Amino acid sequence: MTAENPYIPYTATVEETWYETGGDRCIKTFKVVFDDEDVRTNWNHRPGQCAMIGILGVGESMISISCSPTEGEFLRFSVMKMGKVTQALHQLEPGDKMMVRGPYGNSFPVDDWHGKQILTVGGGVGQAPLRPVVEYVKANRDKYAGLTMIYGARTSGDLCFKGEFEEMSKSDGLSCHLTIDVEEEGWGHNVGFVPQMLLDLNPSPEDTIVITCGPPIMIRFVLENLKKLGFADEQIYTTLENRMKCGIGKCGRCNAGGMYVCKDGPVFSYAVLKDIPEAFA
Amino acid sequence: MSAMLLNKEKWPEFIGKLTGKNLWAPKLEGEAMRFAPVAEDEVPELTDGNTRIPPKNIVFPQTETMYRFQLGDFEMKEPELKEEMILLGIRPCDARAMVIVDKLFSWDVDDPYYLKRRELVTLVGLACSEPGLNCFCTSLGGGPASTEGLDLLMVDLGDSYLLETITPKGEALVSEVSELLIEADTEKIKMKKKMVSESEGKIKRSVDHKGIPEGLPGLWEDPLWKSVSASCLGCGTCTYLCPTCHCFDIQDETEGFEARRCRMWDSCMFEEYTLHTSGHNPRPTRRERTRNRINHKYNYYVDKFDVIACVGCGRCINLCPVNIDIVEILRQVKEAL
Amino acid sequence: MDLEQLRKTAAEVVVREDVKYLIGWKQGSYGYRVAPVFVEDASGAAELLFSPLCTANLATYLTLVEKTPLPRGQEADKRKVALLVKGCDSRAVTQLIVEHGINRDQVIVVGCPCPGVVDTEKLAEKYPEQGKPAEVEWNGENFVLLCDDKETELPRDQFLAEKCRLCRHPNPVISDITVGEPVEPWTLADDNGVEEIEGKNLEERQAYWEEQFSKCIRCYSCRNVCPLCYCQDCILDRLNPTWVNRAVNFSENTAFNIARAFHLAGRCIECGECERVCPANIPLGKLNRKMAREVRDKYGFEPGVDPEAEPFQASFKPDDPEDFIL
Amino acid sequence: MTDKPKVGVYVCHCGINISATVDVETVADYALKLPNVEVARTYSYMCSDPGQVLIKNDIKEHGLNRIIVASCSPRMHEPTFRKAIQEAGLNPYYLEMANIREQCSWVHEDMEEATAKSKKLVASAVAKVRLLEALESKEVDAEPAALIIGAGIAGIQAALDIADAGFKVFLVEKTPSVGGRMAQLDKTFPTLDCSACILTPKMVDCASHPNIELLSYSEVEEIGGYIGNFDVKVRKKARYVDFDKCTGCGDCAAECRVKDRFPSEFDQGMGKRSAIYLPFPQAVPAKYTIDPESCLYLTRGKCGKGPKCQEVCKAEAINFEQEDEIVEFKVGAVIVATGFDPFDASRKPEYGYNDYPNVITGMEMERLVSASGPTGGKVKVFNGEEEIEPKEVAFIKCVGSRDASVGNEYCSRVCCMYVAKQAHLIRDKIPDANIRVYYIDVRAFGKGFEEFYDRVRRENVRYIRGNPSEIFKRGNKLVVKVEDTLTATPLEDEVDLVVLGVGLEPRADMREIMDLLRLSQSPDRFFLEAHPKLRPVDTATEGVFLAGCCQGPKDIPDTVAQAKGAASSAMIPLARGKVMISAQVAEVDEATCRGCGFCVNICPYTAIELVKINRFGHEVEVARVNEALCKGCGSCSAGCLSDSIQPKSFRDRQILPQIAALGVLK
Amino acid sequence: MSENYEPNIVAFLCNWCSYAGADLAGTSRVHYPANIQVIRVMCSGRVNPLYVMNALQQGADGVLISGCHPGDCHYMEGNFYARRRMGMLKDLMEFVGVDPKRFHMSWVSASEGHKWKEVVEKTVEEAREAGPFEGFRRRQIDW
């Protein structure tokens, strides 16, 4: 067979790792760089896309790429420790090898959004697929009207990408709103659930695109509240996740209704999504 | 396309010419038939009925090594697929199923393993003169002598086989055995037509799928899904024996430092199939899984590839341990529309 | 068997407020098929059937119920489940009670004394299945096939299912309501299947089972149909640790089948369902019956007959055989 | 913090103990190639201080978090290395040892083979150590009190020792008085002290000791919990006599309408007592008890015009309304001192114990020679209707001992000596009696025993080696049929009195205690100790100890010694005030447990119970482990069909990779 | 069977009796074949019978399980469970054609160093007779 085999991953080296959160299901971020220079230069992902990452002898897992292509010739993955593969991934340290294939799926149509105000609404590890959009907008600041980020988690310890928020609030036209479920000492931001915070901020639907990602229950209420705020279905985007094995629309399992999340998704506009019966199952 | 005739007296000779070429044919093992390699001096007899396990495993093995590697090393060695093979006696429905599955495996990104095997196999079909009890291929655009997907079709005319070449691969095969063949005359062609129409008449079951692909979304919450799936055991019989089911799992296996990544059939009827690591399952019960199976075949696949992913071979009906009958389900679906 | 009585009894049971549904058999969609049916109202009871074609062991549905997460505040449906059982099926119910698989007070067992069911494969071999559903009835010692207005006598010794030849409990060992008269237990046949294998030497056995297990396609119907395979998360599906690889080949298939048979040792109630449903025709019954016989002969234990019994695999006797110990 | 296992492998030369047969350098080189192994070294003595320092330094320098020591048996040095890595800041359970000495270098000769095997053992250890989990041992408070079941000499002695050490003792006795079997004895061998004289003070002490709560005429109903924290329920049976009011004057018994009608248990049925009674004059507590089975009022509801006892009791202590009372308390340790039953001689019908009044048991003989006994110490027996002073006396030893036909293969250890003692006492009381002892062997193994045996023989007691086959009556004599096996002479010996030297048997009611405390029996049916040599007073249930004859036949000094041993063992948790709970216990995965209860059945420690939990809105049963009771044996796990219960450090997912390493790696 | 075939034996020993017995064999410098490799478990009752299957599948030619003598189990009853489980497994394995010579169970107490040697010798010898285990061993040929 040939080098065309889409199931064969590229080797990449872990350059840097850090923990975003703690606990049993902690999230660890990996910054990886492909070993092969050609791969490095030819790799081209868009915000919202995923990659199959894994370890030979253990397996693979579909993870969203949590960096924007504008950030440099590297990839970032923020992985929650859950099953066999993610546990093994968590054992990787700088210098170790990770296998990567992709990028998979569609992406946020960021280039169709030029001139718009972007609103991201994220919860927990759901911020990972949103982060590339944030970074992309930051890198192409002149092309967008502005960006508002709402991000919440159960506790301050469960927030990912913590170091990046301060700097963001300082930039013009960008704003960052953080919330946690329960009051904590020293927490200088909002307390409450993400959907409520959305209502409280009362963003205008005009010329705005909303993208949201987080736990299913959060998404449900965010969608509900977005409707209350007057957003049209076409203005709302989210990403889905399902169990995947191949990443290229063959293995069958990731379908939500007639859509393969790995190919037709993971990004869906609510206009499409609302007709997919299994989307929120 | 040409039509040739092979006198059955020359059958052993015909086989003899093919056995060196990795010939596979149906073989009775116990009570069930399945495709097996034909040994050197073996002369397979083609009998009525279809194999219990569809020949999809020829192009999509139940377990297939994708690549091997050494633990701690990053060199991945793919298996070399280069041996051509001949599948003799495949039924038209199963060949048609391959055409249907081809669409998926070549959709957007090519699946190298499947497509390579497809390329290497020559499908020599055998028209059905005695369709099975639960055959309903005619409802789905197939038929006892449908040629879709075949390279060569054989029709049993009693004392001889009519050989119709369909593709260049088929022609190539025929040319290798040409000295055993004679040109078929019009009478034989007529005999074939008669046999086929008689055979069609023997097919008792049917599905009226008109309106089903479009109608299924509207039946999403219909109580019928609960009732048709109530007795389902959640086993993989229906899907594993289905010639169009193509789902697979990918696993890494290690033995010492030796390891491989391989894929193996999986079934949407298994609970584990869609189970997230978090414990959440988007299709938590057999109701959702049965609904997905029917929708996948009669709705999603149609949406994507414009063809129903069912060829009416009847295997899932024959072997369901609890008599869940797809024809019956589709009848109820139709009724509910 | 008086079907009217059965249907009437069933109708009385299903209308009870504390009953969720009754699981029974109904005529299948063609040939000799019989389908399990979940009767929820009195009218549904009219479909019920009890005939020599009712091979399926419905006890499996007691544990097959999926307990999906309930929305907060929603109560689980705690109504009872009624089911029809033959002798062998009732042993499954009993064994489930022993293993806490079900609560005795959560089931209503409607016992159907069973003179033995037919081997539908043998029947189909001799009298091929038709598109139209056929009926088979008990007729004295024998069975009778009703098809196309024709009655064909089916001699018992030719058509009785293997599991029934070896059945020790034709009458339900546990039941809340019994429909029909108890049947006389019959003389047991020899277990030729098991003995045939015991008569082979090791190489022959190895060859025999290699051929059989190689056929396995790991569809898991044997496991899923088994009323006593009811772990939420079967160890043979698990990947951490991996007992059996997912790959389908002789080695893994053998491991799967050995593990399955071992887990059923002292638990299998010999209903023969695993063997019946196997699409690859692997004689799984021989494995299970072999173990059941060892358990009976060497350890004096028979599962599924006493709801108060200590589970075989969770007990021992100080004088258990130990002739194999060095 | 890292999830990555970083393994250090330390291969020990053990001087030349290992390195003479195993090429340790090769093993270390091989280890370095195994996954996650960062460091592999050899050293002459890993267990030495420098060896341990080597490991500790590597842990710090290389960030190692898993350690393998390939050296001697883990049974030898596992604690050493656990401690060492703990001192370096690692969890002590991140250690695995490869036994390449006892099970490799010392047992194999071929260097190549031994080296190859060592490699595999190291690979297997690496496979496991990567997957080990950090474990924490826990401590719980221990209740500074003890429960002692049975107030014979063993129970009394243990109670006094523990109470003297300052701990509370609950002493539970089934009968109305403490004292047990020893109180029934006349003299003790070989010193011939008066049994009552040495026992009574102790009985009195234990009743008056401020730290002892004596619960006589009481039975333990329930014991739950575990070492340090046993929850005990005791049933104080109704005496129908107000314990506080009764002065022990005895007026009631004297006036009882059924006075002296019932066989006295204390006198082995040879004396009589009333329905209201004191078991024996020195009984402690000196409180009367109404036997509900013999009292007219309690059995028939009526006793003349009214119960006489009630009438005469000046203290107004009689109370027929009294009911059983349940007392609950907590203790940290339990001592079982339930004693024995004398062998029931009627199980040897050939000796005619049921047929002839002048065939009596050793226990009856004790009462007969006792000054406080039914005959006031005169040796008199009925021969038929006639009361005689026996002149021809035969003792038969090993009745019910060393006798497979009655299921007792063991030696009762005391019969040889008590028979000698009783022969001596008869010689004392009937100087002209002809005394012979039929024996199989004479076992005079204790301090002063052989001397005493010699003395008795010198007192003209004939020892005849033979095991009588039958006793029958001929005229007014009993005939002992026996073969003198030393001379091979069949004898028919005519005698007036036969004393059966009955052995000691486990108590008939020991099953109750076994069930209460989940104790086991040894093959002789006495309670099973934890180890026959090294833990003779411990049981498999932690915090439960054995004292006295419930563990096996013993004489008084052995019983007292064991009671003191049990007392001091029981005091360990009490004195520490804490008990350690093992970290290597079983754990249930509640998500996959199907609640079948197999593990509950299997667990020998009742450490597992089924509990109801809510699983996504459904009530389901799952197993739960009481970590304080679990010993980590793992039997539950091998019996769990869904692999849901797993012993920590010995989980399937830790052992299967070991198997793979041993099987696959060449 | 190759001339210099050496069987590969995996043994499961309980910590308290058999492992100690094997240690004693070492202390007593009793020599026995090196084919045996021990996995220590706390009790023979810990040995999941499926370990035996797994070991054979993964390359062992023979398996040995050894525990305390009946009645001597450190955990009172574990070896009784082990005995019942292994008795059943042995019947099953034999039935599917696994040579019983590949599978042994023994009682070896902490004081029976010599018995341990005998047990090992017997196990190795029988496994040698039975030859390399092909049966359902995982084979690369399938890969």
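Things worth noting here:
Each chain carries a letter (A, B, C, D and E) given by its place in the written order, and its residues are counted from 1.
Here is the rule we go by: a residue touches a chain if its C-beta (ideal position, glycine included) is under 8 Å from a C-beta of that chain, and two chains touch if they have at least 3 such contacts.
Small disclaimer: the values here were computed from a predicted structure and weren't measured.
Distance from chain D peaks, on a Cα-centroid basis, for B.
Chain centres here are means of the Cα atoms, and by that rule the chain farthest away from chain E is A. Across the two interfaces under comparison, C-D and D-E, the one joined by more C-beta contacts turns out to be D-E. The mean-CA centres of chain A and chain E are about 52 angstrom from one another, to the nearest whole unit. Per-chain CA centroids place chain A at a distance of 49 Å from chain C. Distance between chain B and chain C, defined via averaged C-alpha coordinates, is recorded as 31 Å.
Centroids of chain B and chain D (each the mean of its C-alpha atoms) stand 71 Å apart. For chain C, the set of residues that touch two or more other chains comprises 68-69, 239-240, 243, 245, 247, 249, 313. Among the residues of chain D, those touching two or more other chains are numbered 591, 602, 639, 652, 656, 660, 664. For chain B, the set of residues that touch two or more other chains comprises 63, 71, 249, 251, 253, 255, 262, 284. Put simply, chain B touches chain C in their complex at residues 29-32, 52-53, 62-63, 133-134, 204-205, 227, 230-231, 233-237, 240-241, 249, 251, 253, 262, 264-265, 267, 270, 272, 284-286, 317, 319, 321-325, 327-328.
Residue ranges of chain D in contact with chain A, taken from their complex: 1-5.
Touching chain C in their complex are the following residues of chain D: 591-592, 594-602, 610, 615-621, 639, 641-643, 651-653, 656-657. On the side of chain A, the complex with chain D involves touching residues 19, 81, 87, 90-93, 96.
The residues of chain A lying in touch with chain B in their complex are 1-2, 4-9, 11, 56-60, 82-83, 86, 97, 99, 216, 242-243, 245-246, 248-253, 255-258, 263, 275, 277-278, 281.
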